[in-house]
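Have a look at these structures, which come just after this line.
Each of the two complexes below includes chain A, the first together with chain B, the second together with chain C.
After this line comes the complex of A and B, so read on.
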C-alpha cells in the first residue's frame, strides 16, 4: 500500500488550478449510464412505492463512493461493495418470505432462489414479474452505483463503465429498458470511456468531435438495428400500441394469453373458434389466470409455478362445483371456476401462486379433465374482519403516479358504504352504468384506469376490470384482475360451449374470511350482442371449428328452460345482468342493497368536477392532442444526437470555412481600400489558377508560383495582380486606387474562368477609368 | 523603416509596371535631400552583380556562395565558411576583398595563439617615451580567421567584442575597427581531436554559415586551366570602393520589412526551438531579417518578400540550432528545413 499510482488516485475536477473538462465529461457519461439504470428502478418504485427511498439510497451510495474514494484503496471499496451486495440479497430474501432458519439449514435454497430470479430477469422477463420487485429495486441499486462511482472518482473509467454498464445490461436483458434509454446509457458509456482516455492522453477538441460523431453513428445505427432480439427493448412500462403492427390482437390472446404480462391494447378482434366444452352444474366464470400487479399501462403476474401434488386449500365452507372440461382447440390453459381445489384426468399440472391450474404442455383437442372448485360462501363474510397484512399490502398496490382524482372520485362514490362488498357493488354498478361497451377503442396514453374513468366513454372488459381494480385499491380494498372465459353458449342443462370470443376479464375482491369473490363491471347486455353477430357471421362464412355437434344448430342466445332447476338467476340474461349466480357470487340481485343498474341513473358524481381539479397534472388525452405539436421525446432526443454529430462532422471537415471561402472566392463587389482587398484578390486569383494551372504548393511562395505560371502563360492581368498584391503586402503600398485596380482585375479574371456566378458580375471596367 | 507610400503613388498614379523604376523612385523619397543619392537599390543590385562577376572571374563556380558572402558583407554580418581544406575558402575571401577594394588580413588560428596576437599590443616607443598601439591583424575590412576552432577559448573570446561591437579594447583604450568590417572564419571539421568547441556565444555572432562544396568536374577542369600558371588574383581590379560599400550597407538597412515578414521570421525561429535543445536566438531572427534585406537589395527590390527569408533561413539559422541528444541524427539544417515546411508562407 501507499505506492503512488498516477492513475488510481482521487482528485476533484481541478488539475493545476484548471477545471478538468475531460474529467467532467467522463463523470457526466457515468452519470448517464447510472441514470438509465436508476430511472428504470425508479419507474418500478413509482409503480410499487418507495421511490423516495430509492433516490435516497442512490444518492447516499454516490456520496459514500466519493468519501471512500478520497481515502481508501480499491480493496476497501471492494469489501464495501461485497458487503452491500450481501446485505441487499439478504434483505430481498427476507422480503420474499425467507427466514433465518433457512439460511442456517438450507443455504443452497437461497442461492437457488436468487439464481432463479436472476435467470428469470436475464432471459427477458420483466423485473416486474419477480416477487417483491420494489424491495428488489431498492436493494439492488446502491451496491453497483457505489462501486461504479468509486471507480469513476478514482479515474478508473474503463472499470467504472463496466460496472455501471453491467448494471444497465440487466435491464436491457430483462427487456424493461426501452431502446431510448439503452441508447442513452450506451452514450454514457462511450462518453466515460472516451473522455477517460482523453484525460489520460490530453486530447484536443478534434478528438471530442470524433467522439460526438461516433455517438451519432451509434444512434443512427440503433434506429436501424433493434438492440435485443425478440423485441426485448419494449418492456411493460413502454406504451405499445399493437395497432401499429397492422393487425389487431384478439381479445383472447391479449387477455388470457399465458404470458405473465398483459398490455392493455387498443382495438381487438374476436375469435369464434370453439375452445372448450364444459359440463358444469353452474354457469360460472371459468378463470384461467390472475393478474395482481398494476403498472398503470398494463398488468403483470408475479409469482412462480409449483408442481401440482394434490388437492389445494379452498374456502373452508362453500358450494363445490364439479366441472368436466373437454378441450376443443390446442391450448395450455385450464379454465376452472374460482377457486379450484383439485384436478384429475390430466398429466403434468402446475399451480400458480394465485391458485390457478396450468398445464405444463400444450393440450391436444379431445383431452378431458375434471376439476373441482369451491365457491366462496357468503355466510363467511365478516365485513369487519382484518386482512392478512402481506395480502393487503400486495393487493392495494397502485402506481405512485396514478392521478389522485381516481381516489377522489372513488371516495365520493363509496361515501357511506360499509365494507368491501358494498364498495365493490357500488363501483361495479357505477361502471356498468357510466361506460358503454365497445371493441373499437384506441389505447389511451398515461394511466389506463384514469383514462377510462375520466376520458373514455366506452371500452371492453379489460378496461372495465382495470378501472374497477384501480378504484377499489384506491379505496383500500384488496382487489385483482382475473381473466378467463365466461358466458359460453349453453347447449344443454349443464353443458356450455366456450369460444375464443368468450374470453373475458373481471375483478376479484378479497373479503375477509370469505376469500376472493368475483365481480364483473362489464355491462353484459352489450357484450353479448356483438358476439352473437360475430358467431353468425362466422357460421355463414363457413369458418371451421366455430361449432361443436351440440352447438351447431342452436342460435347463440338459445336458452333452455332452466327454471325447472329452481335457480332462476342462472343465466347471463338474468335480471341483474351480470351473469353470475347470486347465491354463490353475492352479486347484485333482487335482494341486494344496490338498485338495479337500469333503474339508477344518478350516482351523484360529476366527473367534470374531478377532471377540472386535476388539470395541473398531465391529462391522459393530452398526448393525443399534442401529436401535431412537438414531436415526442424520442424523436427530439435522436434529432439532437444526430444533429450534434452532423455539426461535429461539419466542423471536423471545416464545412463552414469552406462555405465562406467559396462565397468569398466568387463575389468581391467593392474595394475597401485596405490590405484585405489584396489578400482576398490574391486568394481569388490563386483559386482560379488552381483550376486553370495548378494549385500553389503549401511551401511555394507566391512569387515563385507566379514565375512558374508566367513561364507557360502570358497573362498581363494575372502578372499585375501578383505584382500589386506583393507590393501591398510586403512593401506596404496600399491605397484606394491600387485596391480598386486589383479588385477590378481579379473580378475580370474570375469572370473569365468561373461560369457560375462570375458572369453575373457587372463589368467594372467602365467605372474604373 | 517604413517608407512613406503616399508620396510615390501621388506622383505617378499610373506608373508603368516596371518594378525597378518603381523602386528607384521610392529609394529617392526615403533619403534626406542633403545626402548624396547613392543609396540607390538599383545601384546596389548592379554593383552586386559586378562584384559577383568579378569574383567569379577568379573562383570557378560557387556563384551562390559568393552571393551569400556578399550578402553578409552588405548586411554587416560575419560568415562562417564550413568546408574541407582546399576548396577555395581563402581564395574566395581574397577575391571578394579585392573586388570591393577592402583591406584583407588573414589570421591562422593555432593552439598557442594569444588574444593580443589578434587585437594588437601597446608597445613602448623609446623615441617618444610613450606607449604606441600596434594594431593586430583584426584591423582590416575583411579578416579571414583560418581554422578558428583550433585556438583556445580565451583567444576566441577576443574575437567576440570585435565581431559584435566592431571595436577592440586594449589596456582600457577602445579602438574602432575599420568600416566595413567582416570576419570570415573557417572551421576545421576533419581533425576534431585537435580542436576546441566554439562557444555558442561566438557561433551566434556569425550571421551565416556557408558551405562551398567541391566544384563539379567541368568546373574543376576550368579551374585548373585558369589557375595553373599565372594566378588571376594578381590582376584583380576592384569594382567598387569602400565608400560605395558603406553606402550600399545603408541602402540595405533601409529595405522595407512589413509586418507579415517579421511574423514569418519569428515563427520560423520559434519553430526551430520546438525540437531542439537550443533553438534560434532572437539575435538569429534579427540576422535573418538583415540578411533578407540584403538579398532583396541585390535583387533590386526595396522590400523583403517571403522568398528572401526562405532563401536565407537555412544559412542564417542552422548553425544556431542544436538538436536534442535523442535526435542526434538530426542536424540544424534539417530542423530549419522542417520549420520551413511547417510554417505557412504569408
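After this line comes the complex of A and C, so read on.
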C-alpha cells in the first residue's frame, strides 16, 4: 500500500477549519470506543471495589498519552506500552498469589493459566468469574488506553481504533458488554476511521453525509439482521432467549440452570416436571451450586471445575448423610447436601471450587448415584473465633454502589446480636416475617437487595436469599447464596420426589470453626398451596413426567409440620441441615432475640425511615427493561441515529427537490396568466409523452418532436397544447384565457395517463397507432 | 486500466474480513452474545467498500505544471479533477531524478484535486509523470488504481549569478568591448508615438501619469550592440558549473548591450535579432554536457569542478577566476526610478 494515510506528528489543537473539526470527530470516536471498555471495567470495580482507582488510572493514562505524543515517536510509545503491560501483568500475578519462585520453576503453568483465562473469556464466560477481577481490571486498563490515545493524538487512527477496539472485544467475547454498548463502541470505531480519513485528505464536507448514512444502515442492520445465528440474533429485541431476561423462565432454569452467572429476573414459572427421586435419611437441602459474587443485579460464580478424583475433604466431625438419587429426567446437576464428600455410581464428574458436583454430560433418566455428605457439627462453633482472611474478604464483597441503608437497617436489626449465628437467625426471621412470598414480581431497577428490602412487598427465594446475604455481608459476616432443590414430595419414609418447582435458593453462612451453615429466609408455608395447584392441574391435563410411579397416587401434600407438633407454620427445616435435632436451636436461651417460629414479633424496624434516605446515584443496570426490553434512552438514541441517516440520505439524493418536481409535474392548480403556465404545461406534456411515446432527444426541437408525435398519434389535446405554447413563446400571445385553456388541457392529458402518485400508464383513449 | 485483482480489498480490508470471520466462528461456537453489533457494522463497511470501488468510473485528472524553471526554484504542480468522483483516494505522481517533490504521494479527496511542490534541483530536461490515482472507500478497505500515462516535460535552466559591474567592466576592458550604460532591457522611457508597438508600453509608469497618453519603453537599437564570442569547456563534474557561468555571463552581457554567441562542446549559438537570444542560450545551456568546444572564444571559461568560484576565465592572455567577477545585487527598483526620472515631468507640449 505504500503511502501512509496520515502524517505522524503532533499538532496543536486549534479549531480553525474543517480539518480540525474532523480531528475532533476522530477523537470523539476514539472516546466512544474507550468508553465502552472503561465502562465495563468501571462496572467490575464498582462490584468488586476500586472504582476510583480505576478512573484515576485511566485518566492518568490519557494524560500521559497526550504528553508523550507531543514529542516522542511511535517507537518510544511502544516501549512504554510494553513496560506498562509487563508491570500490570506482574502486579496481577502477585495479587493472585503467585511468587517469584513460580516464575522460575514453573513458567509453563503461568502461561497455561493465562491461556486458560483467555479461553474462558473467549468462550463467553463473564470476566467476573476470573479470580481477582478487580485487580485485573485496574492493572489491565492503563496500558491499552495509553497506547490507543497516543496513536489517536498522533493521528494514526487505524492503529488507535485497532487497539481500543481490541480492548472492547475482550468484553464482547466474554459476554459482559451489552448490545447497546457494543454498538456504541463499534460506531466509535467507524467515526474514528471515517473522520481520520477525512482529516488526512482535507476532504470536503459532503463526505460526512455519506458517513452518517452508513452509520444509520449499520445500526439498523445490527438490530434487525441476525448475521450470527443463535438466540441473541435480534440483539435487544430478542424474545427467544429462554435462560435469563424477561419472558417467564422457570424458576428452575433461572436458579439451578444458570451457569456461572445468575441474573435475577422478574416473574417466573413453576415446572411440575419430576427431576429426581431421592432417598435420604434426613430431609436436607440438596444443593447443586453456590454463588459468591454479588453484582447488584445478579450473581456470579468464580472458580473452575476440576475433575472429580475421589473423596473430598469435609468438616472433620459432623454427621454423615447418605443420599441415593435416581434421575427422572435429563439433567446434569447432581444435588447433594452440603457438604458432599464422595459420590459413586457415576461416570465423569467434576467438582467446583466450592465442593458441588456437576456431571460432565447430561444424564439420562434411570441413572442412579449415591452421594455421601458431611453436615456441619454445631459443637464446633467457636463464638469468638476468627474468619480466615481470604475467605472473609471474598465472602463479604458487595458492590460499591449498593445503598448504605442496607447496612443501616441491618445494623439496627442486629443490634445486640453476638456473632454470625445470632445475626443470621435474626435476619432470617425478620425476612420471613416482613416479606410475603410470590413468584409474580417485576424485576426492580437498581440494586436488587436494596429494592427488595425497601421497595418490594413480596418476592421468591432468589430475592429472599439475595437480601439476606447482602445484609449479612454488610454486617461483616461472610455469606453466600446456595441453589438447588428443597422440600420434595414425601412419598415414603426417607423418600422424596423432587420436581422442577422445588428448585430453591437459600443462604450459607460461615461460622468459625464449624464451616458453612445453612439458613433459609424464605417463608415456607405460603408457597406450598400454589405448588399443589400446579401439580394437580398438570396431572389433570395429562402432562408428561410430572409423577413417578411412587408419587402418582399421592396427593401433593407438602407437610410443613416437620417437627410433628401440628403447627403448619414451622420455619423451613434447616435444623436438619445444620446437624441438629428437631427441637434444638443453634444458639438459644431465654434472653435471645430470636422469636419463636410463627410468633408475632416486633423487630422494632420502621422501613419508612430508611426509605426517605437518598440512595445515592446508582449505576442504572445494563438492561433496565423498557419498551422492547431496551432502556428508553437507548431506544431514543437508536431512533436518533436512524433518523439522521434518513435525513442525510434524503439530502444526498436531493429528495426534497425531486419530490417538488414530481408534484409540479402531476398538478398544476391554477393558471397564473404568465409565460410560466405555458412552459410548465409543455414540460408536463413532454413528461407524459416521454413514457407514452418517447422522450424528446436533446437536440430535437419541440416543434419537430411534436410533428413526429402527431404523425403516429391522433391527439387533439396535445396538438392544441403545443400550438398554444408556440404562440405564447414566439408570438407573445399570452392572456388569461389561453393560459387557463392550456392548463386545463394539460391537466386532462396528465389525468388520463397518470395514476395518482404512481407510474404513468398508457393512455386508454384515442391512440391511433 | 485497473491493475488490481478481482477482489479489490486492501490489506486493511483483509484484516477486517479476518476479524469478522473470527467473530462469526466464535459466535457460532460459543453463543452470539452481542457480537452482532460488531459483525454487522464491519460487514456493512466491507459491502459498501466493495460496491463503491467496483462501480466507480475512472476519475478525470489533469496535471498543470509550468514548462520551465530555474535551478533552485520551487514550482507548484497542480492536479485538477475534471470529473465528479465523490470518493476519497490516493495519488502518486512520479518525478524524474533531479526534481525533489514534496507531497507528490498523498492521500486526497479526489474531487478536490491535489497540489504539491517541486524543487528544481538539477538543470536539464526533466519529466513528471506517469501518475496513478487510487480510489478508495471511506474506511480504506478496498481500492482500485487507475494509471495516467501523461508525462509532462519540465526544462530546468541553469542558475544565473549576478555579475558585479566592476567585474564586468574589467572583463569588457580585457575583451576590448564597450558596454552600454547599466540599464535593464529597455533604454529609456518616453512618450508614446503612433508608430510604437503596443507591446512596448510601460504600464506602471503610464498609470502614474494619467494626463499623458502612454509611456513606452525604448529599446537599444540593434546596430548599437557589440558582439562577443563566449566559449566554455568542462570536465564531467564541471558541466553544471560551466552552464551556470555561461548563463550568468550571457545574461549580464546581453543586458549591457552586447550580443553573445556561444561555443560549447554541444555546438554553437549565433545571436539573432531581438531578445530571444537569452532564451535560446538558456535552453541550450539547460542541456549542456561536459567536453571541449571546437574553438575558443574571446572569453573562454574552464570549469573542472562543481564549484563555480573555482572556475577560470581566459581572456586573451589574462586569466581571472569567476569568483572575482561575482558581485552584489543592484536594486532593480532604484534602476527603474532612475529611468523614470528621465521622462519629462510635465506633459509634452505638442
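Just so it is clear, the second predicted complex is superposed on the first by the 551 of 769 C-alpha atoms of A that agree within 3 Å, B and C clash if a C-alpha of one lies under 4 Å from a C-alpha of the other, contacts with A are read in each partner's own complex, and residues count from 1 in each chain.
The rule we apply is simple: contacts are C-beta pairs under 8 Å (C-beta built on N, C-alpha and C of every residue); 3 or more make two chains touch, one makes a residue touch a chain.
Source: prediction; values computed, not measured.
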*Looking at the overlay, does A:667 come into contact with chain B only (first), chain C only (second), both, or neither?*
neither
*Counting only touches as set out at the top, which of chain B and chain C does A:187 meet: first, second, both, neither?*
second
*Is A:94 in contact with chain B, with chain C, with both, or with neither (first, second, both, neither)?*
neither
*asked:* For A:733, using the defined touch cut-off, is the partner it touches chain B, chain C, both, or neither? Pick first, second, both or neither.
replied: first
*May I ask you to name which of chain B and chain C touches more residues of chain A?*
C
*Can A:172 be said to touch chain B (first), chain C (second), both, or neither?*
second
*Contact set on chain B toward chain A in their complex*: 2-3, 5-6, 8-9, 13, 17, 19, 22, 26, 256, 258, 260-261, 302-307, 310, 340-341, 344-346
*What part of chain A is in contact with chain B in the complex they form?*
698-704, 719-720, 723, 726-727, 729-735, 737-738
_Touch list for chain C against partner chain A, complex_ = 10-12, 23-24, 26-45, 48, 86, 88, 90, 92, 105-109, 111-112, 138-140
_Parts of chain A lying in touch with chain C, wherever the complex brings them together_ = 1-3, 5-6, 122-124, 158, 169, 172-173, 175, 177-183, 186-187, 189-190, 193-194, 197-198, 200-204, 206-207, 210-211, 214, 217-218, 221-222, 225-233, 235
